[in-house]
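Look at the two complexes coming up: chain A is in both, with chain B in one and chain C in the other.
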Partner chain A sequence: MPSVASKQYSDDVSLLVLLLDTNPLFWSNTSITFSQFLSHVLAFLNAVLGLNQLNQVVVIATGYSSCDYIYDSSLTSNHGNFESRGTGMPPLFASLLKKLEDFVTKDEELSREEGHEDRTPSCLLSGSLSMALCYIQRVFRSGHLHPQPRILCLQGSPDGPEQYVAVMNSIFSAQRLMVPIDSCYIGVQNSAFLQQASYITGGVHHTPKQLDGLFQYLTTIFATDLHSRGFVQLPKPIGVDFRASCFCHKKTIDMGYICSVCLSIFCEHHKKCSTCGSVFGQSKLDEASSVSDKKRKAPHT
Partner chain B sequence: MSNQRKRLTGEREDEDDEDAEGIGEWERAYVDDRSWEELQEDESGLLRPIDNSAIYHAQYRRRLRMLSAAAAGTRIQKGLIRYLYIVIDFSRAAAEMDFRPSRIAVMAKHVEAFIREFFDQNPLSQIGLVSIKNGVAHTLTDLGGSPETHIKALMGKLEALGDSSLQNALELVNEHLSQVPSYGHREVLILYSALCTCDPGDIMETIQKCKKSKLRCSVIGLSAEMFICKHLCQETGGLYSVAVDEVHLKDLLLEHAPPPPAIAEFAIANLIKMGFPQRAAEGSMAICSCHKEVKIGAGYMCPRCKARVCDLPTECTICGLTLVSSPHLARSYHHLFPIAPFDEVPAFSSLNDSRRTLGKSCFGCQQSLIGTGNKPGQCVTCRKCKHYFCLDCDIYIHESLHNCPGCESIHRPKSVSLMEE
Partner chain C sequence: MAGEQVEKRVKYKSSVKDPGTPGFLRIKEGMLLFVPNDPKSDSKLKVQTQNITQKFTKEGSNKPPWLNLTIKQLLGRSHIFEFENYPDMHACRDFITALGKSDEEPKKAAVLTSTEQLSIKELEIRFKLLRENSELQRLHKQFVESKVLTEDEFWATRKKLLGKDSIRKSKQQLGLKSMMVSGIKPSTDGRTNRVTFNLTPEIIFQIFAEKPAVRQAFINYVPSKMTEKDFWTKYFRAEYLYSTKNTAVAAAEAAEDEELAVFLKPDEILARETRQKIRRVDPTLDMEADEGDDYSHLMDHGIQRDGTMDVVEPQNDQFKRSLLQDLNRHAAVVLEGRSIDVDSEDTRIVAEALTRVKQVSKGDGETTKDANQERLERMSRVAGMEDLQAPQNFPLAPLSIKDPRDYFESQQGNVVNVPGVAKGLKRNVHEAYGLLKESIVEIRATGLSDPLIKPEVSFEVFSSLTRTISTAKNIIGKNPRECFLDRLPKSTKDEVLHHWTSIQELPRHFWSSYPITTPYLHTKVGKLKDAMSNTYSKLDAMKESVQSDLRHQVSLLVRPMQQALDAAFQHYEADLQRRTAKSSGGERPNGYV
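This part shows the complex of A and B:
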């Protein structure tokens, strides 16, 4: 019974969750301005909504100090009487633009409150990925008839290494739910996180060379729904580097040593693990009596 | 039901709309579907269907409360590199039909799901399979890291014969696990259907031997609770549980997939040398060391001896170096940095002010937190970021995602390295 019901629903209906990078540190020096970028993105969203009557689009903004939902095409409150902004933007997206403006102002306030410590100019990718996955999980719970979800990351900010564990957790969860993460990187350096995300989840990763034609890249590569991807030639993944970097020097290594307790990676042999404090080669009984401040271990029954 | 069938068979010549087994067309629809079991009476005696989602949520909260009481907020060390032997009892008790279609079929199906889940959560660990048939223990597969080999070997021989012998199984497993490196955690999971064990010697001696070699034995019983299994688990620090039906069996099995708390003296911390191979260039030809065939393109090169392997994680067949990629290590990080459970929000407290500031929807999925009839529905809150989440997001976040969306949406200062959380 359940399999028949899902086939009645057209298999090219998609739910696209777009993670939009609004990091001011990135947008302050790019070849394309944020408003030009937005016009490409809004035209793309219109194209996706036009491909199928039942398609759904959700936009989550990834800021510097916060993340939030900006637009959900399934909510009926969007189609109200909003005055056109007079800049040629489709009235359908007036609420999106309003919410985006509010979000960016709030994000700026939050960043100012926290002060300018020396931090990487990265955006909060792990936060918006987690929110997107929670939303997709809600869509799965709504029953058999649901669109096929996928996530598209439009990002230009570099990776923040402090988010590594959280981003990897989101990637593995997306892989389990069979939700592909596509990524379109418009920044300068390469983003290892996005490459790994697309490779592991079976999505498409692309770095457009000419940002003036961003709309063209978006519609030809990222607008295809999951069912049609079998018939279309998409950019193939180019060797993703899965080597690890050692915790002591942060350089990528071919062969290293792993602590069996906490899985930290070292490039040379040490006597003691700097992360968990375990002494190597010694039984825990001798260790417990010698050193006083250790993490509490499970009691021996 | 059988009486009805006999009556109907007697009148077979008169009835037209029956098939050879004597069951009418309308009856066949109800053989498997007992929809009357899904009804329940409420306090006033009215019938109402069982609300599965409320039961699911209540079960989840109860389990979480038990776990957090046990953990008491401290970080317990977990055994991440595990060498697990699964011992399946294929004695004649396994041919019983109390689990439909038979105990063997149900066990095989759930063990397959368990093996896949195990390698998903513990990519650096290895599994081996042992079966007990005719009172003798046989090794179905040796310790290895590839789920397909184990599943193929398991599904190949599904027949139940003879007696069951717990001692023989334990002796065999002990022998195999004594060859395992000292940093690994040695575990045995026994799926026991028989109600007795026919042993050649003193099983208490074997249990002491297992205890001395630091083997953690857990048993899942399919028939009834037995003293010897309980004693074995208590002595070695494992878990003993008895399954009441198929769904319960699956839950009990999957409970063993995440790494158990490490018993302090059991494994010696050590530095393991591992290689991180790079993907071979597209179009390069080499003879792969696992299949002994010529392969073109996709594959990995061992950094030490340059042999080609097809899949990761694996051990290089030529030089013995463990080959992994960084996502495999990253899969285990959420065991090391678990997120704190969310707190329940009391239903009728004066939360109106805080709700107004944080909005009336779940932070993760934007679902409205207002329940039926404008009463506040059940929700939970994160201690650190103070955002509200619905119960379904709570379950998803703690069981699959392992990230709190609220905490991830706040910028943490760069000085806090990932290990100091």
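This part shows the complex of A and C:
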């Protein structure tokens, strides 16, 4: 006889893991302020939790030098003893904001310790993706009845090409686990990582044009659970930017050299692969020209 | 030889025991005709001499002059003609053989001529392929008939398609049935005491493969001592005796009839073979291989075929056979597979072929001296004691443990570190963090913004999203799985697909002709280039003719095809230039185009 819990379990129970971009370098010069952005996001989270009693939400903050879990709706300690400060926040999110503040402080300290500031002003996407996937893997192992997980990446910072390898690894793990990665990019340039992530894992990628309508975008596109996506039309991007970054200089390249053993990408010809150490032979173009010269010479003699 | 005929008075017997119907045997030209004297009897026979194999009784033996004709198509039914005297029989026999030979010669001539050109069979395969695959036919028509490619070139790349049938025939061998020979149950009719066994060539092959003693006996006894039918009768009598488990009766009958005894005794040849095999097994590797593995002598504690226990007197021991023995032998033979390919009906030929194969394999296995030497070496190698051996100095490859930090640091990339900018950036970061924290404090104080979102903004967002989705639908299609090609009109779609296949075919021949070393290749390349430019212009025309809303997609489809053709053209031009430069610049040797 099925238990009450399983009876309540319908197809559209979802676990949403939200990767929130808290890169200060990005937020210091945007059209939308961080507080406005947060209010859109928090309302969206509330809406997702309201769609189904069994829905779960996990928020991971993607900082400049670190990432951390900020909020988990399945924990009961959320409604702890928080004095309601003023009229503002519903107690549900008070803990989230508190944790977020602590996280930002910690992140600042870490970035101060780091020293070299020669990175691109990107957020640590690879770290938060890995944390999300670990959480999801734990959920998978918790038993038969679990919500369908998906990852939503809310990002505005540009891609950091030095994270290319780690991000691609996370994307392929997500593909393996059949976890779609949705991405909402609110930055200026295009993010190739997010496009590829959504394309490969079967998620939705969208770049909202109007940032003050962010809540509308979020609820229209990203609130749909996996089951409903079978019969709901979501906006699809026309093309995907599949460019990779080379392993030697971290530049984004269109054409390059690939090691046939480990598939590492290089922008210029190397004698040896730096990842796996295999030695490359002479390139075929040089060989072919020498052979054809030899052939031409033969009838002369 | 043809045109003559031989006519003799004979008695026709359908089997040895048959008394025989008297009649006339007429052989002429290619036909053999038997007409019985009595018009009412129905043993008339009319056969072509090509299909006859004949056996005859020897003159010196006491048997009457018989000519035994087996007709191939009728599955080994033998027709025995009893002649009045030996010379008659010899005449008939010679005549038939002569006819047989003359039939063979024209066949040989035909074979010689057909090997020079394509065999009809291959042509048939080609036609069949063309008929079945309309795409292939279209390609063939376009290229071969317009003389762009020759037949041979067209089929050269398709050897896999052509050779499929022949390969299938030669590579896959028919295996043996796993049903055991001893499982053949005879049919009995309840009324009389007769038991009928049905023998097919398949069964005969299996019996010969499993029991070499029977095979040897066959070669020895038939047809000198007894006819084939007698032989099989005796064999099945022995089988019957086994199945009745009456060893006393078996012993008695064996004592009477020496030929029967051959079938009843354990198989000597087999025993010899297994003993040899066991000798060759290396006991150091396989500790279990010993006398107990001689399965031909295995008596499984008296358990019979149907599971009952039986006590047997020791002198009749050899007349018993156990299920294990049968199973093991049968399994060994089935796993070996068909060792010969003889498809003959003649049991004697089968038996002889099998014996030959066994002899050959025995001969191979009898390089005992070398085998022994090898075994001794192997044993000494395996049994060597490490601490008593000389130290082996293998050349060492030095370990290269790289500093892992190198790898991680290389991930950071080489970026120039400008100190001034860095300081500025640091300050900037600090400020940014401050701003961020302020925002968080602010929202904690004020709560969610109210209203969260303005209705006009929301409406705008909705409409833009709807627009995006509907335009995407028009471009990509309603169903994400729907292929763009299906939206094209059928003729265009076919044309596109056909061009695609021709773009795969032509450049393949084009690129394989480079570098050009003979005038033949030169003309071939020229023809291919013309065909390719033809295709190119057709693609252009198609792009223009398509409807406007599909035009973009079609041009996207066509673009890679045209790019491939462009690459080929480029190469052709470059090569031509190089040649003209070379021929005008350097000396011109003989024979070089």
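The working rule: the second predicted complex is superposed on the first by the 231 of 301 C-alpha atoms of A that agree within 3 Å, B and C clash if a C-alpha of one lies under 4 Å from a C-alpha of the other, contacts with A are read in each partner's own complex, and residues count from 1 in each chain.
We take it that a contact is a pair of C-beta atoms (placed from the backbone, for glycine too) under 8 Å apart; a residue touches a chain by one contact, two chains touch by 3 or more.
Computed from a predicted structure; not experimentally measured.
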| item | value |
| --- | --- |
| Touching partner for A:F34 - first (chain B), second (chain C), both, neither | second |
| Contacts of A:Q189 with chain B and chain C, given as first, second, both or neither | neither |
| Partner chain in contact with A:H249 - chain B first, chain C second, else both or neither | second |
| Touched partner set for A:P24, first chain B, second chain C, both or neither | second |
| First, second, both or neither for A:Y64, with chain B first and chain C second | both |
| Contacts of A:Q53 with chain B and chain C, given as first, second, both or neither | neither |
| A:V165 touches, of chain B and chain C: first, second, both or neither? | both |
| Set of chain A residues, in rising order, touched by both chain B and chain C | 64, 111, 117-119, 161-162, 165, 275, 295-296, 300 |
| Partner chain A, residues of chain C touching it in the complex | 407, 410-417, 422, 425-426, 428-433, 435-437, 439-449, 452-454, 457-458, 460-462, 464-465, 468-469, 472-473, 475-476, 480, 515, 517, 582, 589, 591-592 |
| Interfacial residue positions of chain A with respect to chain B in the complex | 64-69, 72, 110-111, 114, 117-120, 124, 126-128, 130-131, 133-135, 137-138, 141, 161-166, 168-173, 176-177, 196, 200, 239-244, 253-266, 269-270, 273, 275, 278-285, 288, 295-298, 300-301 |
| Residues of chain A touching chain C in the complex | 22, 24-25, 27-28, 33-36, 38-40, 42-43, 64, 85-90, 94, 97-98, 100-101, 104-105, 107-108, 111-112, 116-119, 161-162, 165, 208-210, 212-217, 220-221, 233-236, 238, 247-250, 274-275, 292, 295-296, 299-300 |
| Chain A partner contacts - residues on chain B that touch it in the complex | 74-77, 80-81, 120, 124, 183-184, 234, 237, 261-279, 281, 303-304, 321, 325-327, 329-334, 336-337, 362-367, 392-393, 396-397, 400-405, 408-419 |
